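Listed next: structures, encoded as structure tokens.
Below, chain A partners chain B and then partners chain C, in two separate complexes.
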Partner chain A sequence: MTTTIDDRVPVTVITGFLGSGKTTLVNRILTENHGRRIAVIENEFGEVGIDDALVLDAEEEIFEMNNGCICCTVRGDLIRILGALMRRRDKFDQILIETTGLADPAPVAQTFFVDDEIRDRLRLDAIVTVVDAAHVLDHLNEIKPEGVENESVEQVAFADRMLLNKTDLVSEEQLAAVENRLRSINRGAGIVRTQNAKVDLAQVLDIGAFDLQRVLTDDPAFLEQDDHQHDQSVSSVGFLIDGDVDVEKLNSWLGELLASKGVDIFRSKGILALAGQDRQYVFQGVHMLFDGTEGRPWGEQESRTNRMVFIGRHLDREALEAAFRACLVDA
Partner chain B sequence: MTPTATAFNGWAADVDDAVAAVSPGPDGRIAVAGSEGSLTLLSPTGEVEVRQTLSLGCLAVAWSPAGDRIAVGCIDGIVIVDGVGHQIARHRGGWCSSLVWSFDGARLAAGMGKSSVVYGADGAELFRHDRDSTVTTVGWINRRVASAAYGGVHVCHVSQGAAADVLPFTGSLLTMAISPDRRWAASGNQDATLHVWRVGKAGEELSMSGYPTKITALAFSPDSMLLASGGGQDVTVWDFGGRGPRGSTPRILAAHRQSVTGLAWSPRGDMLAAVADDGCVAVWEPRAGSPGIPLDVLDRLDRSVPASAVCWVGSDRLVAAWADGTVATHRVG
Partner chain C sequence: MNLVNPGNTTAAAPRASAAHLADLKDVVRSELELDTETTVLIQQLACAEPGCPPVETVVAVLGTSRRSWKFSTPTTDVTTAALRDVIAKYPRGREHDHDD
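Coming up: the complex of A and B.
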């Protein structure tokens, strides 16, 4: 836990199936007059400088850190390229990473937790998943052989923000069905409907924890929903709990929870009220790895409400909530 | 008391790029590769003789033993220029963070994306060995070329079709050093370990852990007796004399407050210079110390921007470089 305001460069990871509109989104971000200096790491074409942006090429290289555990895989190519980027004198306001359509988001996200150099200087702001409204259900419903992950389910599960793109190609009923399906997997991420990936950049860049706050406030149903899902499908659990959190109890619970269930818990996120702290504590985890920083100060009239979201398989809402309550100071 | 120096006693130059790597020429000139893509050649007195932009980012530079060639590794390939900066050859083909000339300057080994490649001095490709992931470091073991990448070190005879000797390691190798006597290969790894193999003796391996962070800097002393390693803010020096470092206590050289980014032994091997992200250049006489006992620095220079590269010109003059484009020389002692 750091004691100063986070001044690390925000990194946005853009995922989505081939043809969903990722490249259109990246080009839109690059050409829009936003006054930010942006570096882009992508797969599609070679190194070119576009106006105020630097576009670098990367070929996915997944490295296991520790004997094949999926929770310890990282992207070696990103460690190298981001390292070289950070050695330049020109400072970037924003870094975008565009993944391939089939990429597993976990190693990308885990890179920001595992490598010290990257963790010290860069902040994983959000994973933005671009979804093709016309085709996503087919991808999500595709049955994979035993032991093989459905990449589009993973990309939806890992998202902090979903761009439901190509809304002009489907009916309102179909859109509603797609949104329901996306929410059944990941209720923690806001959905933005777009055509040609045309979106207000404030909806995708530097959104950080604000997203979480909004989702939990705007979607109260999320907080009561209990699917009792014990099959292989991916779902999410979120809760709002008032009270001050005991840091030591929290660390010990999260450490134990993610060590034992980290394979099934894709993502965990929280905005927490730590005992004795005037500022919010913003927490995020990917599988077994987690990290936290100080957020904005709690308002004078604001109730100190902890917000927590888990996305993954075999999530037991009652157990998670009870364990979290046990971390409160007056528990 | 620790002697300190706050300013360098030689010249200082500005190459207008964050320095990625430096290489000394045989005549006292310095080649400087910049993170934003520049190559600068400095005269023996620090004047900018040549400055050109080669790519969107340079990673490595190596002046040939005869001084007639300079090879520059870039994020998108390799450029070879002559001693006054005229381009001889250019190959695009991926990440090139390591280049080493053969002792006679006739051949250049380079990591090129997921391959180790040997070029002639005219830039023609003579040999290529493919790996499964990006080659981070190359080195010569007599007439064979060694490459480090995820999964270990491969050592190849420079003739097509010959099988590689594999020095295995399950993990991501970030840097490699071959001892000058060719007995040892060592790698610094992403998982904060140092791995050592006896070249030519399969299975004789050592693994050193306990480093605070990944190891990106390694250097054997010219007599192959000591191996200096980064991996955090301290320099750890292992003794390879006698039966090797197995079970031994290393010397810990502490002067920096941030991660060590570069290491260089003086040509006689009496002094070791280390640069770090805190901007400090520190010099020790490691042989004067004993394992387990703190050793005072012989000399140090402090600046407030990250120091990124260091090399020696002559027996007692070092060249250090920083992220703000400053390159400076300093006579030690």
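Coming up: the complex of A and C.
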């Protein structure tokens, strides 16, 4: 069996609401003796000045490729800084981006999909969202004026992993309630309980969380049917469907879906069995931007099961599943 | 291999090759005499939001002198000559590739 070696630089994005413990986590990552050389890009001036660490300050440059459309918005500052960093590629092993507490994670994530040079050289490893156990429910439940996004909901929705921090400040019942709420928004992201952002760095760095295969290995129940939600809240929908996929039908459906619903679909991930292909096709998307590559070969005894996950607003499980089934060769 | 390309709703909008993108970026850099530190972005978009054409190509220079040019065509159809002409005519950027 041949294995594709991905030698792109892994990038971890750390997000989280103000005061959740992001900077504590970054400082911990930079000071722990883990032997990795990490370049840090941060929005806010901090007192991070660690030997062997590159720390760059980024001033948010939101670039809307189409006026006002969040689907087409990237961070110009990140593209520029990442480009500058890659000219010093021999100085570090991975990159850490700390966003501000009010930053929208979408433009940060989308930045890794838009530029061919970035896509070729960097790999978005995971979006890690730090959550303040004592205050997150207030933030999540806050009613915003029409047209204004609730940043904390988006930060949870975009997460590949959540650090439920400051667990010492709340009761076990409150923790359970917070975890239920977080899972109702984003069922796929693993939750790690922490105090003072103290976490095994293997849970945060180079975890391949954008790799759905690894997510499913860690949590086989990820795609299980959840309670049907058909309201305006942010939720996740995942399904497993056997059979070979017709590429043309899939292109047509996904193209139309992401173009028309890209604003509401925050994240999409999938492992697909394309007709006539011996290898899995692995894709991930952020809003309407999307990228995919060949994955590992299907096993001889392995069922060719397609796995799809969507996280977003107004998701209609039945409609998504029916539309996907219509893309099968036998449909 | 990029087998699935949802921007490719009509078979008329495949992704541009790396070589074509590099050629287009070279045109931007040479026409505007940009240094290598300046970021040039070329992205094909397929967006159904109001005001967005079905498929378009955005060419942008990011940074302090940010500017962009838009073509209502897939990136594969944006030629180096067309890009050079538009930049020469509108060096400060232009949001549309048609006359208003």
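Quick note on the criterion: the second predicted complex is superposed on the first by the 283 of 331 C-alpha atoms of A that agree within 3 Å, B and C clash if a C-alpha of one lies under 4 Å from a C-alpha of the other, contacts with A are read in each partner's own complex, and residues count from 1 in each chain.
Definition applied: a residue touches a chain if its C-beta (ideal position, glycine included) is under 8 Å from a C-beta of that chain, and two chains touch if they have at least 3 such contacts.
All of these numbers come straight from a predicted model, not from anything done at the bench.
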Exercise for review: Using the superposition on chain A, decide if chain B and chain C clash or fit.
Suggested key: clash
Practice item. Considering only the touch criterion stated at the top, classify A:115 as touching first (chain B), second (chain C), both, or neither. Key: both
Check your understanding: Which partner reaches more residues of chain A, chain B or chain C?
Key -> C
Exercise for review: Have a look at where A:63 lands relative to chain B and chain C in the superposition and call it first, second, both or neither.
Suggested key: both
Check your understanding: Can A:146 be said to touch chain B (first), chain C (second), both, or neither?
Key -> neither
Practice item. In the overlay, answer first, second, both or neither for which of chain B and chain C A:90 touches. Key: first
Exercise for review: Once the structures are superposed on A, label A:281 by its partner contacts, choosing first (chain B), second (chain C), both or neither.
Suggested key: second
Exercise for review: For A:80, decide between first (touching chain B), second (touching chain C), both and neither.
Suggested key: both
Point to revise | chain C collision site on chain B, chosen from 22-30, 40-48, 94-102 or 148-156, when both complexes are overlaid on chain A | key: 148-156
Review point. Where on chain A do the contacts with chain B and the contacts with chain C coincide?
Key: 61, 63, 65-67, 74, 76, 79-80, 84, 115-116
Check your understanding: Taking the complex as given, what residues does chain B use to touch chain A?
Key -> 17-18, 20, 35-36, 55-57, 59, 75-76, 94-95, 97, 133-134, 136, 150, 170-172, 190-191, 213-214, 259, 308, 323-325
Check your understanding: Can you list the chain A residues touching chain B in their complex?
Key -> 46-47, 49, 54, 56-57, 59, 61, 63-67, 74, 76-77, 79-81, 84, 87-90, 115-117
Study note, to complete from the structure: Residue set of chain C touching chain A in the complex reads 1-9, 18, 21, 37, 39, 41-43, 45-49, 51-52, 54, 56, 58, 60, 62-63, 66, 68
Revision key, fill the gap. In their shared complex, chain C is touched by residues of chain A numbered 61, 63, 65-69, 71-72, 74, 76, 79-80, 83-84, 114-116, 120, 247, 250-252, 254-260, 262-263, 272, 274, 277, 281, 283, 285, 288, 290, 292-294
